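By letter and in written order, the chains are A, B, C and D; residue numbering begins at 1 in each of them.
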Amino acid sequence: MKRIGVFTSGGDAPGMNACIRAVVRAGIYYGLEVIGIGHGYQGMINGEFIPLQARSVSNILQRGGTILKTARSEEFMTKEGRAKAAKNLKEQGIEALVAIGGDGTFRGAIALYEEHGIPSVGIPATIDNDLYGTDYTIGYDTAVNTALESIDKIRDTADAHDRLFYVEVMGRTSGFIAVEAGIGGGAEYIAIPEEQTDYEEIKNVLKGFRKDKTSSIIIVAEGDEEGGAFKIARKVKELYGFDYRVVVLGHIQRGGSPSARDRILASKLGVAAVEALISGKFNVMVGEVKGEIKLTPLKETFRRRKELDPYLLKIAKILSI
Amino acid sequence: MKRIGVFTSGGDAPGMNACIRAVVRAGIYYGLEVIGIGHGYQGMINGEFIPLQARSVSNILQRGGTILKTARSEEFMTKEGRAKAAKNLKEQGIEALVAIGGDGTFRGAIALYEEHGIPSVGIPATIDNDLYGTDYTIGYDTAVNTALESIDKIRDTADAHDRLFYVEVMGRTSGFIAVEAGIGGGAEYIAIPEEQTDYEEIKNVLKGFRKDKTSSIIIVAEGDEEGGAFKIARKVKELYGFDYRVVVLGHIQRGGSPSARDRILASKLGVAAVEALISGKFNVMVGEVKGEIKLTPLKETFRRRKELDPYLLKIAKILSI
Amino acid sequence: MKRIGVFTSGGDAPGMNACIRAVVRAGIYYGLEVIGIGHGYQGMINGEFIPLQARSVSNILQRGGTILKTARSEEFMTKEGRAKAAKNLKEQGIEALVAIGGDGTFRGAIALYEEHGIPSVGIPATIDNDLYGTDYTIGYDTAVNTALESIDKIRDTADAHDRLFYVEVMGRTSGFIAVEAGIGGGAEYIAIPEEQTDYEEIKNVLKGFRKDKTSSIIIVAEGDEEGGAFKIARKVKELYGFDYRVVVLGHIQRGGSPSARDRILASKLGVAAVEALISGKFNVMVGEVKGEIKLTPLKETFRRRKELDPYLLKIAKILSI
Amino acid sequence: MKRIGVFTSGGDAPGMNACIRAVVRAGIYYGLEVIGIGHGYQGMINGEFIPLQARSVSNILQRGGTILKTARSEEFMTKEGRAKAAKNLKEQGIEALVAIGGDGTFRGAIALYEEHGIPSVGIPATIDNDLYGTDYTIGYDTAVNTALESIDKIRDTADAHDRLFYVEVMGRTSGFIAVEAGIGGGAEYIAIPEEQTDYEEIKNVLKGFRKDKTSSIIIVAEGDEEGGAFKIARKVKELYGFDYRVVVLGHIQRGGSPSARDRILASKLGVAAVEALISGKFNVMVGEVKGEIKLTPLKETFRRRKELDPYLLKIAKILSI
């Protein structure tokens, strides 16, 4: 192999730039040429190819976003679109890809391989942490820290006013961000898609509210089956009469300088992805499981469900007494 | 004078604790006893009086919220409520008050003086910066910095995706936070209550969007006459077809450790309020105008409107090209 | 068991308060009384015992430092001192201890058991991460993040001036903080106690400096065998002539609000320590190894050496090209 | 006038990028071409000229450092060096300069005008705040906030251990950073170059230490006549026996994303500098005094001494009781 491409796709996540840097420098270290592809799959179709050197990725490690940009591509969803992308890649002499993103990214990579023989290694980068085959995805730790900084601020004002706040965090259909932000933020209750919202328990934890607890915070995952923070807040008010404020943290969770953990993880997985490609491992995602690099077939990463740690759910309950 | 009371009231603002600390220590420095009153006017009615020493306010300078708590009191709105508050204050031997808060706080202080002869000095503490008689209110600088940290994060993801974001900031009926967060965050347009939203101009600034500008951010003050970020975003989409995301920053702007500027201002005004009381100045707010301590009759602080700096509005336009 | 004591000892670490909170609430959840002991072993001798309720530990999760204070006790180093501590503990009806700290803390706990039969469970809390039996210690992740925030700032000024900086981080005799701060901060070279400083390699990585690299940062662990950042900097200057600036981060690495990871780890280990005590496990440290709670005899935690991840050392070299 | 140059010089300061952006966009807004000059005066000699467009300065507002780089130029200190710089500027058709920096920067600008007739407007950007003609310099507010974040962290560990810390901050020969960091950080004593260090007073403020004050922090300006934090700490220990720790904050105070205040000030002064040039005002610095733009002859900005606010010095003493 002489030349590889690297791109980011899907929702952006803090640490993507650290990961691009690691892929580029590891590629060069191992004697490869590395081509950056702008705007993900759409850029393959449009021909956004930029040769990257070791210095091209200086001073980006600490930046949020992605210097290669990301996009969702309608055109790549079509057979013609993918054919055009594959043709462009081949014309550029790109023999393999490093695909940084989430399940949509990996589905695209699988299609490019099955239809056009272009092999990929995937790197999990999404704040939602919802990919099987890695304990943490790149961006997740930063998103939880960002949520916590906001929750700490909300705690200040909740405490000054003896108020009840509902805080909605991201996470699509999984409660990873919610559970860690909830434990880390000292939440009284955490509503997640994986469990039915238990209004009886909410009533119990709020009993202490305005008796001896002076402020209360309930964390709601955006994908919760009840439909988000506003719905739960209104229902609790109807049922038990508790006044409330709602904050929807939204897209601030996607940005910002990556945390230490995300920079380290992105650096590790970037190097590991290049090493996997070099040793002929394709159509796999590189992840970190129990502290060690592990390869998982791309398909499994989204077909199998990564479970929440039941011990975390247990201590969340213990600590909210 | 031998004994004074200090309390916080209305919406909380970062720097209130720094201000309480300054009032307490300045009071003791000048030979007074200082009684902290919990939960604002409601605490006067309920009898929440706590003698404070120099050490009672150690290590609070850097904390958000208010150790004295704040509350809105229905009961104090009644003549009976105020009579009860005044009676309690007199029983405690409290001869004068330092009232930390916004216009509601000052209206209460005026009533206590007019009806019961209890004199006050007010200190402006509100993130909205909407009080006449001081260039900045305590909490405003922190709120703008908090908004900017969020806008910087949103810029990361906006830039990665080439997206248009509307960010709604606090400020009640004034655009102070919006204007400074807009200039500091590099906003393409700033919608404020003081000016009619100019859709033609929004069209013009967004013309560059996806041509050479890759991301765009529009700041909307919560009190904007159009009704907030969602409304403006939808109308721009209808008129000109621009897709968007909305983030409402909400209560995170009220919390957090106060900025340098807010700590200094809170310290200055806390000392100045005690010095004003000692020299027999009552029913005034201590503010900082053009770098100097200035006293303004409490009534004027909310009756007169503080104007936005027209030069700031001008440079916001120049810099969004 | 009916009553346990909890204390912090040795160097403070962010997350100690989150851990105290978890021990107290888990204790109460499982039906125990929890007594807080002030100033570590010295407080046992002096009789600083404070009964703690669930609400006693409200709103401390996010605070740096330790509400129970910490101290180094000369008196406890003597047999008489320990006898006095044990007598006081028994008079208080404290049947077992949760000891939060590092190796010195655990040595004390062992002595109390061997000499006076008072059993303990240890919780690893030190920014240095130098305890065997846990992948991470409480405080380590925050310290690395704090170091990175500083390194990012130094990168700004290094880059503006095309300068070479040496940054000294904490870590006593181990390079854990240095390695992760180095990788996360994009360091050109990382000098750690575990490896001899390789001046030839420093020369090689600095060759690019002022050619195409515009700034360079070298991280030095305080315990490096060469004697710290100033010594290495002077020697490199003598040998190869590179001008430099030095920053010694120092005690800022000990403070600050704990990171998400440290809050979660502190919460987990606090609950796990109480559960270990209840199930009769003594003289062990609760740690997290490969995502799971693990008990290790207290003695092993400091007698066995925790090794740096060799893959991290490798990628540090790859990424500095 | 058709074409102007802009450059940064001397020590870098947060907000320089925001200022460059403002100069470029205001220039274009008013119909000028703007040429960026790399590495300050050295870049004029070496011919580092880069035409800048409105989009060239996108997404830099929030970044520390300076995209135009800065340097100290030995060559420009010579008559020949300045002649070469002037020749290059004239060949580029650059008719006037916007010089962003401190007193060294302004001395250079004066020389270019007096020897070669090239006019300049200066913009004050230095963390030290030591220029006459503006209440605040660009970068000062960020530096104070950065110092405070560090002091808050040090307070955590000082408080956990009941310790005395000396913290040395930047500021060259003036105590601006020290005074505001001291008040904002709750310091027990502030040692500044403007006043002789008063060991009697240090003794008095430390009397309470370990009696009822559990931690103490003394701020020392680097330029203090006693020779910095280590010297004062040793002398206090000799005189009165207080153990101590020292932290020298150093270059972290130069970097980081600019604060709200610095972004606003940089934006204002950048626009004002261009407007001054256009209206034919030369050899002046644009500053902000009491909220209004003010022009001061370049020479006065460093010949006249800006005084510390005596009220700040007074409240520092009151609040340390």
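Just a few scattered comments:
Assume a contact is a pair of C-beta atoms (placed from the backbone, for glycine too) under 8 Å apart; a residue touches a chain by one contact, two chains touch by 3 or more.
None of the values given here were measured: they were computed from a predicted structure.
Over half of the residue numbers at the chain A-chain C interface are used by both copies of the sequence. Put simply, the chain farthest from chain D by mean CA position is A. In the CA-based superposition of chain B onto chain C, the rotation angle is 180 degrees, rounded to steps of 5. Centre-to-centre separation between chain B and chain C, using Cα means, comes to 39 Å. One finds 28 Å separating the Cα centroids of chain A and chain C.
If each chain is reduced to the centroid of its CA atoms, chain C and chain D end up 35 Å from each other. Shown for chain A are the residues that touch two or more other chains, namely 152, 155, 159, 214.
If you check each pair of chains against the touch rule, the ones that pass are A-B, A-C, B-D, C-D.
Listing the residues of chain C that touch chain D in their complex gives 8, 12, 14, 16, 63-66, 69-71, 146, 150, 152-157, 159-162, 165, 214, 245-248, 250-256.
Chain A makes touch with chain C in their complex at residues 21-22, 25-26, 28-29, 54-55, 58-59, 61-62, 135, 141, 144-145, 148, 152, 155, 159, 180-181, 183-186, 212-215, 257, 259-261, 263-264, 267-268, 271, 290-291, 293, 309, 311-312, 314-315, 318-319, 321.
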